[in-house]
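Common to both upcoming complexes is chain A, partnered first by chain B, then by chain C.
After this line comes the complex of A and B, so read on.
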């Protein structure tokens, strides 16, 4: 029964994607033939799905034309992913202890909470100009860090505060030190929430890295690729790059979900 | 869901692995060109984030006078007398303007007059020299008169369009595979020469040369027309436009100049895409490579919305590769980051030509 429902869901998913591609194709063709155009849009300038596919295939690998050398999409994906992972790991290392501190200690909460409440409302993209001026290197990683760290802190706080007070009391009664309570009670209890924060944070970080790479530019990265192709008027390649960003972001999200399911078995 | 997820993970891991394999095929230590604004180039060279940049004047002059870098190559060393910025008009505006030819004749005449003024005033003994430096500082966004002096030295201001030079640029852009091949096929141009001759005309400059001795007001349009003009941010190459504007010569021939929406543009690619293609720029100045590239790549050939025509030159040469003090050759830039205004700009093509001459690879 469950398999049947899953299969139906999968079929609907696939049909939905195919319909979207067909609709895209039809809208571009109608606009190009000047039969119909969506108001306020220049659909005719959009590449068709087929043109986008050819552009994607053509951009997959590195190319050398005379002295010019262009990185392939795989290089761009790798460069962007490396930056997101670096920023994400840094955010995890800093965000989890801060979240535990705020969640567990009233004093730390009172010290850090006002700062965090103000800073977390500044979108990662708003940090880009500052990152350009104050950082000599690693600006993109810093933007990812900003995007990832606050969801981790907030979810860690929530996880710590959701810990059953009776378990903490029981541990204390059994002679556990504060460090042991944090390590053996609070962290395992908050872990599912921390992973949820990580998943949200990586989603934000992925969006932020693409924006950051468009401004804090390096020679390689998906944001840079899209911007470059746009500058050259290679719109099919630009759209292909956008689709790759979406697909990689989706894969990243479900990968973290899989990790969560595999390693956080005490939830659900 | 699980199976789909696993499949997708296998796909991405394979993709990344393939990327690693591809990475090994990359040429040994290419020079990494990275797009950035002119002010960014200066600042990042100063902080050591980049090893150099190729930019239009006055950015090189500012960086050099601040002591952030030194010139490695003048663009004349890469290609003597290469064409650079031009004056172009939008075909949509042309087709909808009754006296477009009369207007373009007078635009070319003001260009000629401005170029002659600048070329005379460049001499330090000229009575107009101080005014020219002030114009340069105002238009180029400079606060230092030494930088303004320096920025004028390597720019050749011209009014004649350079058709053979443009053909060479088109050939280079073809060699570097910058054209979208589908769009090039749609354009119907047979070769570089055919394209250059369709793009550029000498007729307006010829008229201007014939009328150069006339008083401007004697050949003014009967009715004043308003032109939405597009130009590039702080680009000293386009100083003739600014001089003509400030001197009131456009007004004298019956042309009221207004800044087109989006002006000043960050680079020529933007001016083509956001200005000419959207018909918000009637006439403008920009580098010849963005014109060449976006008249093809960004054009919708069913309506020819990015079609432009070039009526006069603006300048030849005038770009510099500026590098940090420890760099003594182009080869020293291998594996390092070099700023440039963006893909498809004149500086991009010139840098590729320089690297080609030196047998080096450039990533962009």
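After this line comes the complex of A and C, so read on.
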């Protein structure tokens, strides 16, 4: 029964994707034949799904698909991923201890909270000028860091604070010192929240990197790629790049979910 | 050793007197049940014995040592089990020894011993969410025991179990306790449970909690729940408790009026 429902769901998923692609194709054709155009859009300049596919394949298999291009789509994916991972790991290393500190100690909370509350409301994109004009290097990584660190901090705080007070009591009567309470109770208890924060953080980081790469000049990276392609009027490559961004982000999200499943076996 | 002494213990919460001038002794190796209507400060007394809460007046001693700060010589068993959900049954049982820095081999030996003692064989590697209530509480008891406490503090440990499992677990607790004999202070509001388990039953009065009467249970173990002696004692305790429950209910009506 359940299997049947699942199969039905999958069929609908696939049909939905196919319908979307067909609709896209039709809308572009209608605009090109001057039959119908979506207002305020130059639909005829949009590539069809097939043209997008060819552009994608072209950018995959040739490192030089035009004069002056030295990077293929995989180089762009890799460059962006490396930046996101670098910024994300840095955010994790800093965010988790900060979150634990704030969650555990009222004093640390009172010291850091006002700063965090203001800074976390500055979108990562608002940091781009600073990254360009003040930072000497690693601007894009810094933007990712800003995007990832706050979800991690907030989720870690939440995880620590929602630890059952009686569990801490139990640990105390079993002889745990304060340091052991933190290491052996608060951290494992907050772990699922921390991973959730990481997942949200990487989502934000992925958005941030694409935006940062458009502005912070570097000849490689998905953000740079789609901006540059748009600039050159190669819209098929641009749209192909956008789809790649979506798919890579999706895979990233799923991967972190799998990591969570693998390491957190104790949640119902 | 494991002699708990409460001397003139009172506890106020924001001006409200929860526990009033309790004098009580749990002798070494004795099983004492605290019985009383809800809100009579039973849990507060246990928490003070564990050093998780401090009296506003009076003192508590374990083996003549004043209880100040968390008392690491007690084993606390909670009503809602309060196991570490990220640890397996075995991991939970080894928590105390691990905190003390006991080596891995020795920890294995300890956990194996208590897994056998409480009847958890085959469930060592289960996480708490994979265990039934009765099994969880076996882990809770083993975890408390594995820390080699001088005194067991149990806060309605079987309160969340169904009636059958509850009876079974009472028998199991006695079996374990007779094998590894330590003092026990057991909170319940079941008269039946108290008469089945305890050497002495302490009836507390309601709001503020104070010792009303102490009953010796001079029935040899294993006890038969329906024996004439048990029935007679239950009647006596119920009579004593009944008045308190009336009073507690009365004050509840006051509050809700």
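Everything below uses one rule, namely that the second predicted complex is superposed on the first by the 260 of 268 C-alpha atoms of A that agree within 3 Å, B and C clash if a C-alpha of one lies under 4 Å from a C-alpha of the other, contacts with A are read in each partner's own complex, and residues count from 1 in each chain.
Here is the rule we use: a residue touches a chain if its C-beta (ideal position, glycine included) is under 8 Å from a C-beta of that chain, and two chains touch if they have at least 3 such contacts.
Because the structure is a prediction, the values reported are computed rather than measured.
Superimposing the complexes on chain A yields a three-chain arrangement in which chain B and chain C fit side by side. Centred on chain A, the angle reaching out to chain B and chain C in the chain A superposition, using CA centres, is 160 degrees in steps of 10. In the superposed model, A:233 makes contact with chain B only, not with chain C.
In the superposition on chain A, contact is made by A:132 with chain B only, not with chain C.
Of the two partner chains placed by the overlay, only chain B lies in contact with A:81; chain C stays clear of it.
Ranked by how many residues of chain A each touches, chain B and chain C are led by B. After superposing both complexes on chain A, the closest C-alpha pair between chain B and chain C lies 23 Å apart. Those residues of chain B that touch chain A in the complex are listed here as 1-2, 4-5, 8-9, 11-12, 15-16, 18-20, 22-23, 25-27, 30, 32-36, 40, 47-49, 175-178, 180, 182-183, 267, 269, 272-273, 293-294, 296-298, 300, 302, 337, 342-344, 352-353, 355-356, 360-364. In the complex of the two chains, the chain C residues touching chain A come out as 47, 50-52, 70-72, 74-76, 78, 80, 82, 84-87, 95-96, 98-100, 127-129, 143, 147.
The part of chain A that touches chain C in the complex is made up of residues 164, 166-167, 169-177, 180, 184-185, 188-189, 191, 264-268. Of all residues in chain A, those touching chain B in their complex are 6, 10, 32, 34, 44-45, 51, 61-72, 74-75, 77-78, 81, 132, 136-137, 217-220, 224, 227-228, 231-236, 248, 250-251, 254-255, 257-258.
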